[in-house]
Structures are given as C-alpha cells and as structure tokens.
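Please find the structures below.
There are two complexes below, and they share chain A, which is joined by chain B in the first and by chain C in the second.
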Partner chain A sequence: MMEKRSPTQKKRDIILVTMLFIIMGGLFLFFRFFAFQTDASRAHVYYGSSNEPIVTIDFVNYRVLRNYDQGFESDQGDPYPIIDEVNRTITLLGDYQVNGVRQIVVISYNFDRKSVQVIEETSPNNICSREGESTGWPLICLPNRVRIEFEATDEDFTV
Partner chain B sequence: MKKITYVILLIISILALSACESKAEVYSINFFDYMDTFINVQIYTDDEDLAKDLFDDIEKVYALYHDLTTGYEPLKEDSPYLANIYSINQTLNERIEIDEPLYNILIDAEEIKALTNGYFDVSVGKIVDVWKNVILDENDGFLFEEIPQDTYDQVILALAEIDIVLNPFTLENEDGKFYITINHEDVKIDLGAFSKGYATERAHEILKEAGIRHYSVTAGSSSISLGENAGRETGLYHVSLANPVRKGLDDRSYGMIKVQNLSVTTSGNYEQYALYNDLRYHHIISPITKLPMQYYHTVTILGSDAGFLDAVSTALFSMEPEVFDAWFDTHKDAYQLEIIRFNYDETVSTFLSQTIFEEN
Partner chain C sequence: MKKTKKMVLLANFLAIAIVLNIIESAIPVIPVPGAKLGFANIMTLVILYMYSFKDSAAITILRVLLVSILTAKLLNPVFFMSMSGAVFAMLAMGFFKKTNFFGILGVSVLGSVFHCLGQVTAGIFVIGSTAVLLYLPVMLFLSIPAGALTGVIAQRFLSIWQTYHREIA
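And then the complex of A and B:
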C-alpha cells in the first residue's frame, strides 16, 4: 500500500524539480552561449573520418586554405572542395546520396564575425544547416560526414 | 524607513551599473582593391557616422597611394592626378610634374636610403624585376622550386648589365609645383616595399587625429598599425609571428608579442621564393649586391611609423649581421625601434627594450 505524501513533501518535490530545471537550463545556456564565445582564430572543415582538415579558414590572416582535394570534379570541372572567395563560400561533396548522386554541402564564412554557417546541404533532417551561424559551436553534418570545428588561440594578428 | 533606504540604494545601484554599460561598438571595413593586398580597418567607437566618415577617408588614402605608386598601369584617363610611377618609369631625362603626395613619398624614400646607407633603394626596380620573373613568372618562374643552373647563369649575366645609379632621379619643388626627372636608363622606381606601409601610416594618422583610441589597421600579412585593444582589459593586441620554416599545421607561429599603440612590420622570405643550392632566392633584393641575401628568414620591426618600418625592415633584411647590429645600435633610440629576427640558421635574435616576446 502506497504511503500518501504530505503537502510539505509535495512542496519540497516541486522546489527540487524546479531547482533541477533551473540548474540544467543554466548549464545548457552556459555551454550554448558562453563556453564557445572566445574569438576563433581558425575554423577547420573535416570530411569523413580524416583528422586532417580538408579546408582551413584562417580568421587571423583572412584567407582560406585548401589542404587536399576530394578527388571529384563539379559539373564545371572544378575539383572539390571549391573555394569561392567572392561569395565567401566553400562547397564540398558530402556522403549523402540521392538517386546514387552524392550531395554537396555549402559552407559560408565571415572573416569579420569569425563565423561559419552551413547554408546548403541535403540530408534527412537538415540538422547542421538549421544550426545557423556559429562562432565556436561545432557544426556536424550527418550523414554527409562533414564537420566544422573551431580553433581558438590567443592571437589577434599574425605578421 | 529601512525599506525606503533599501529601495533608494537599489535604484542607485541599478543606475550606476547601467551607466557603466558602454554603447561603443566595433566597426570594421575591408578593402581588396588597393596595392594587391587585403586591408582591414577596425575601430571602436560609439559614433557610427564618425566610423563611416573615417572609413571613407581611409579608403581615399589607400586609393590615392595605389593610383600614384603603382608600377603596373598608367593613370586612368579621368584621373585627377598628374602622373604615376608607371608613367614616370617610361621617361628618361624628362622633367615630369607630379602631385605633392607622390613627391613627399619619394622624398621620404630618399631620406631612408641615406639613413640606411643605400640598403633601401627604390630605384632598383629593373633588378627586382629580373628576380621576380625568375621566381614568380606564371610560365617560366620557379616558385618553391630549384632554379636550373643555366637559368641562374642567365640571371647573373642580366644583372651585370644593369647599373646601380648613385643619383637615380632628381626631385624639385618650384613655386608650389613638384617635379621628377629620371636620370639614367637603368633606373626603374619600385615603391612596392614602401607604399603599403606609407599609406597605412597615413590611415593611422587619420584615426589618431579623430581621437580614436581603440583601432587596428592591417595591410596584408606584413604591416599593422595598432592602438589599444578594446577587447582586452590590458588593452594589448596579441600578435603572433609567422614561422618562416613551418612544416605542418601545428607550427604556424614561432612566438608572440603583446603590444599597443605602435606599428609592427615583417619582411620575410617565406611567401615568395625559389631555391638555388638549397638557399631561398626571394623578392627582397639587396641594392648593394643585386642579389637576394640569405642572412635571415624574417625581420620583424616595432616602432611608431608603419611606412618607415616597411622601408627599414626591407633594408635590414639585406644587411649582414654585423652591419645590421651596428645600424640598430646607432638608430634604435632616435626612432624607438625594437626588432625580432628569425635568422637563417633558425635561431631567434631579439633587440627589445620594452616589448616582451614569448617564444614558442
């Protein structure tokens, strides 16, 4: 037979649950908005399981470095990843296929805001493109197997 | 009574805290069209209109010096200016009227030539061109590759044909008008090692005159001019020094300096070079030997005037260590200079009085 809880115990339960919500919510907000707020000096774009970034966005020196090619060409004959310095975008091939065709992932970058955003991708849930603009929060595109990680260092400029 | 006191204290606290909140913001602008380089200006102010006006003025400065000092193209037909370096280089023994800003930059270049005992010389453009062709030419260049022996021999023969002229050009100021005369067929003026820093210094002056405390002006990866950093309590900017012999992703920098209210310029051999006998042949040519010298990989110089630093770092790069050290000892106090040198043997020499250098 279950013991009936007193009004005092109920009140304590409510306080406990409320406190837990506040603590958990606070932790979430801290990590979401503060833990990655240090200005990034670089963002690295990785493809697949490689630990070598395929593209590095250097926010300190305002340049984008292509570290290796994916071995495939676009319809225009340009090898992926394609770096468009005018529109400030990087286009690479993801692993997700539609009718046997691998889909592209388009990443935009902003040197002034030291930010990156996935602006185009095809995937079942579009999770990474829905993340919006990031200045430190890693962006992970699955099943395209593309991820973007930020590197924060202490430097403002390089000469 | 107590409650009223608490309420008053609370209101005062709120007002005091809200007064602490600054409305100043960072404004930033980028230029891609001048001097073949990326230029970024950041200022911290609470006046957006002032920021826009300053950016307009600074862009005009870079546009002015780009138009006047370029050696690659003539002035446009509708240009308000009289002549630029390209058109001056097409002349010989002809007195050409020029604009005052171009006259002033050439006067300053000649003064620095004298100050550095000829190690900075803007008149050796023909010699610089010979080396640039060997290194950078799209079809025949050897960028990051070994220069073949026969090509090297041809270069040395070509250099032997070009004289270094003692009095390469004449500058005159008469009745408020300014003139230049090229005095020798082997003279070609090249302001590439000076104009970017010179314009950056003029931009710096605009910001100082407007009373801006927090700012940065960066021109390419070699020349920066800094005020105080609003983003740090210390007001310091953290400037990392590019590793000229980097081998991977983890060794981009060999050290860091933390600075404010000064300019920093680096001359280096690591962005454009070819190899000969395993030595780097780069774009900084000694006006004494007509060759790129291999004493150092980078020379980073700290001081107040970005234009002066641009020219002096170029001159120092070609000086052998004994000459370098003697020159620095003579001039460091007058120009308040500090230097960090990455030597060719990959050791680092520092000539610092106030700035702290943290080596990796």
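And then the complex of A and C:
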C-alpha cells in the first residue's frame, strides 16, 4: 500500500528543508530590513482591482488628493471616501460585508513621519490593521479589497 | 468490500480535514496574522500516500469548497486564494511524490512552498496589484517549518495506521 521512506530520501529531505529554510530566511530578512529604506514621497490608496488610486497622500506637499467617488454616502451624507484633514484620516467603504452592509476602512496618515496606518477595519483576522504603521511596506486589506502602496520618487508633482 | 471501505475512509478523512481546517484558522501563528499551520494538508498527504493522487485531489477540492460554504466565504477573494493555494500544493505534492526523489517530509515542505505561490498568484488577480508579491518572502519563510511539521505528523499518522491496519485486516 505505502512504500517506506528510504534512508536516502530521509537524507534528501533534511538537506532540502535546511536549504530552503536558509534561502527563504535570507530572502525574508532582506525584504523586511533592507528593501524599504528610502522615504516615500506619496502613498496611494486603491480600492478593488482598479489601478487608479482613489486617494493619493502627497508627503512632499502635505496634501491629500481625492481622485474619485465611490458612489456611496455615509449616514451623515458625506460621499465616500471621506477625508478628515483635522484628524488626518481617510474613511472609505471596503468590500467586507456584515449582514449585507459594507464595512468602512479607516486609514490615518502622518506627514511628518511619512507614514500610513490602517486604524479601523472589519475582517476575520484584521491582518491589515495589525500590520501597524508603514512607511514603505504595502498594506493590503484583502477581504475589503483596499490596498495602500507607496511611491518613492524625488520629483515634485505640483501642478 | 474493499471499495466500500475506501469510500467510508475517504469520507472520514474529508470530515477530519474540514474540522482541522476550521480549527486551525482559529490558532494564531504569532508573527503574521492570518497565517495558518496547514494542518488540513495532513489529510491531503495521507490520502496521497495511502491511495492515489486522484483521490487526494478530489478530497482536497471538496474540503476547500465545503469549508468555504461552512464559513460563508464561497466565491469571495479569500476563497480564490485558498483554492488556488490548495490546487498548487496538491499538484506539486503529486508531482514530487511521483518522482520518488524526496520522502514524505520533503514532499510536504514543497507542497507548503507551492501553496504560498498559489495563494500569491491568485492574490495578484484578486487585488489587481503585484504588491502582494512582497508578502511572499514572509509566507515562504514561515511555510518551511509549517510544512515540515505537517510532514512529520502525516508520517507518524501513516506509520501508526500501517501497524493498526495489519491488525484489523
């Protein structure tokens, strides 16, 4: 029925696991600590599979650009995404639903630290809000289909 | 008789796989939220070694489908990622088992690695961005100990099973 694992296979298994562990460990350390050293100049917030950012945070010129509407309004009648310049937050509608109601994703931004953080979001594991503050690492809220990516260009894009 | 026995066993294995899959999503793996140990894969491995690739593939696909129905995740983005991960892992394990180059531990680890690759591939389509690729190093790094653990458990399961099986046969 089932063949036994031969000693050669056992040896190969151990070599394979050790090799993979070292290679993947190296890759992991490289990406975590060396890949995002430069300061970001902009952060883009995307929704769904669209490649046009819904909101762009410009760390160079200290402003937040709202690129398009989600077509829904909050209970207070504000159209999503809502940009709160006092508390420095962006609120948009995610894809995750609770009893048929789409849940909001709240993102806070910090011009001084050039960072973005997802502070509120509803999903089974809260993966993206538990990622914490990011200055270059992309934040992905999968069930909500919201993602934040950073861009590190030195040029000024004032129009 | 033999056919009925196989059918009953596979049904039981499917049930075990479903339970493992649901339980393991409640066990947090400390460094990365959302990462799972892949215990459900023990059943895929066991069936692959006890019966055939075909049976193992059928049970794995059924497991993913049934778990997503039970947890109300059918056809949502996460579902596509689990399905693609499971299919990649299954194909890889089927292939590496066939080559007979590695033992069950190696096959399990390779399956685990391909599971990540499958998940990320689906993630690129779901999210519409290659930013998901940046999660690959963390996932791959964690997948090795997780895959090794599943492999060891599956191997232990199979050796105990073989002893027991001889007694009842």
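We adopt the following convention: the second predicted complex is superposed on the first by the 129 of 159 C-alpha atoms of A that agree within 3 Å, B and C clash if a C-alpha of one lies under 4 Å from a C-alpha of the other, contacts with A are read in each partner's own complex, and residues count from 1 in each chain.
Note that in this section a contact is a pair of C-beta atoms (placed from the backbone, for glycine too) under 8 Å apart; a residue touches a chain by one contact, two chains touch by 3 or more.
Quick caveat, the model's predicted, so the values are computed rather than measured.
Touch criterion met: A:62 reaches chain B, while chain C stays clear of it. More residues of chain A are in touch with C than with the other of chain B and chain C.
Within the superposed three-chain model, A:119 lies out of touch with both chain B and chain C [touch as defined at top].
Within the superposed three-chain model, A:149 lies in touch with chain C and out of touch with chain B [touch as defined at top].
By the touch criterion defined above, A:101 reaches neither chain B nor chain C.
In the superposition on chain A, contact is made by A:21 with chain C only, not with chain B. After overlaying the two complexes on the shared chain, residue contacts for A:111 are found with chain B alone; chain C is out of touch. Chain A has no residue lying at the interface with chain B in one structure and with chain C in the other. Put simply, chain C touches chain A in their complex at residues 25, 33-34, 49-50, 76-78, 81, 100-106, 109-110, 113, 123, 125-129, 131-132, 134-135, 137-138, 140-141, 143-145, 148, 151, 155, 158, 162, 165. Residues 39, 53, 56, 60-62, 111-112, 153-159 of chain A are the ones touching chain B in the complex. Per the touch definition, chain A reaches chain C in the complex via residues 1-2, 5-6, 9-10, 12-14, 16-17, 20-21, 24-25, 27-28, 30-32, 35, 46, 48-51, 95, 124-127, 130, 137-138, 140, 142-143, 145, 147, 149. Considering their complex, residues 28, 30, 38, 40, 216, 218, 221-224, 229, 231, 237-242, 249, 252-253, 256, 264-266, 300 of chain B touch chain A.
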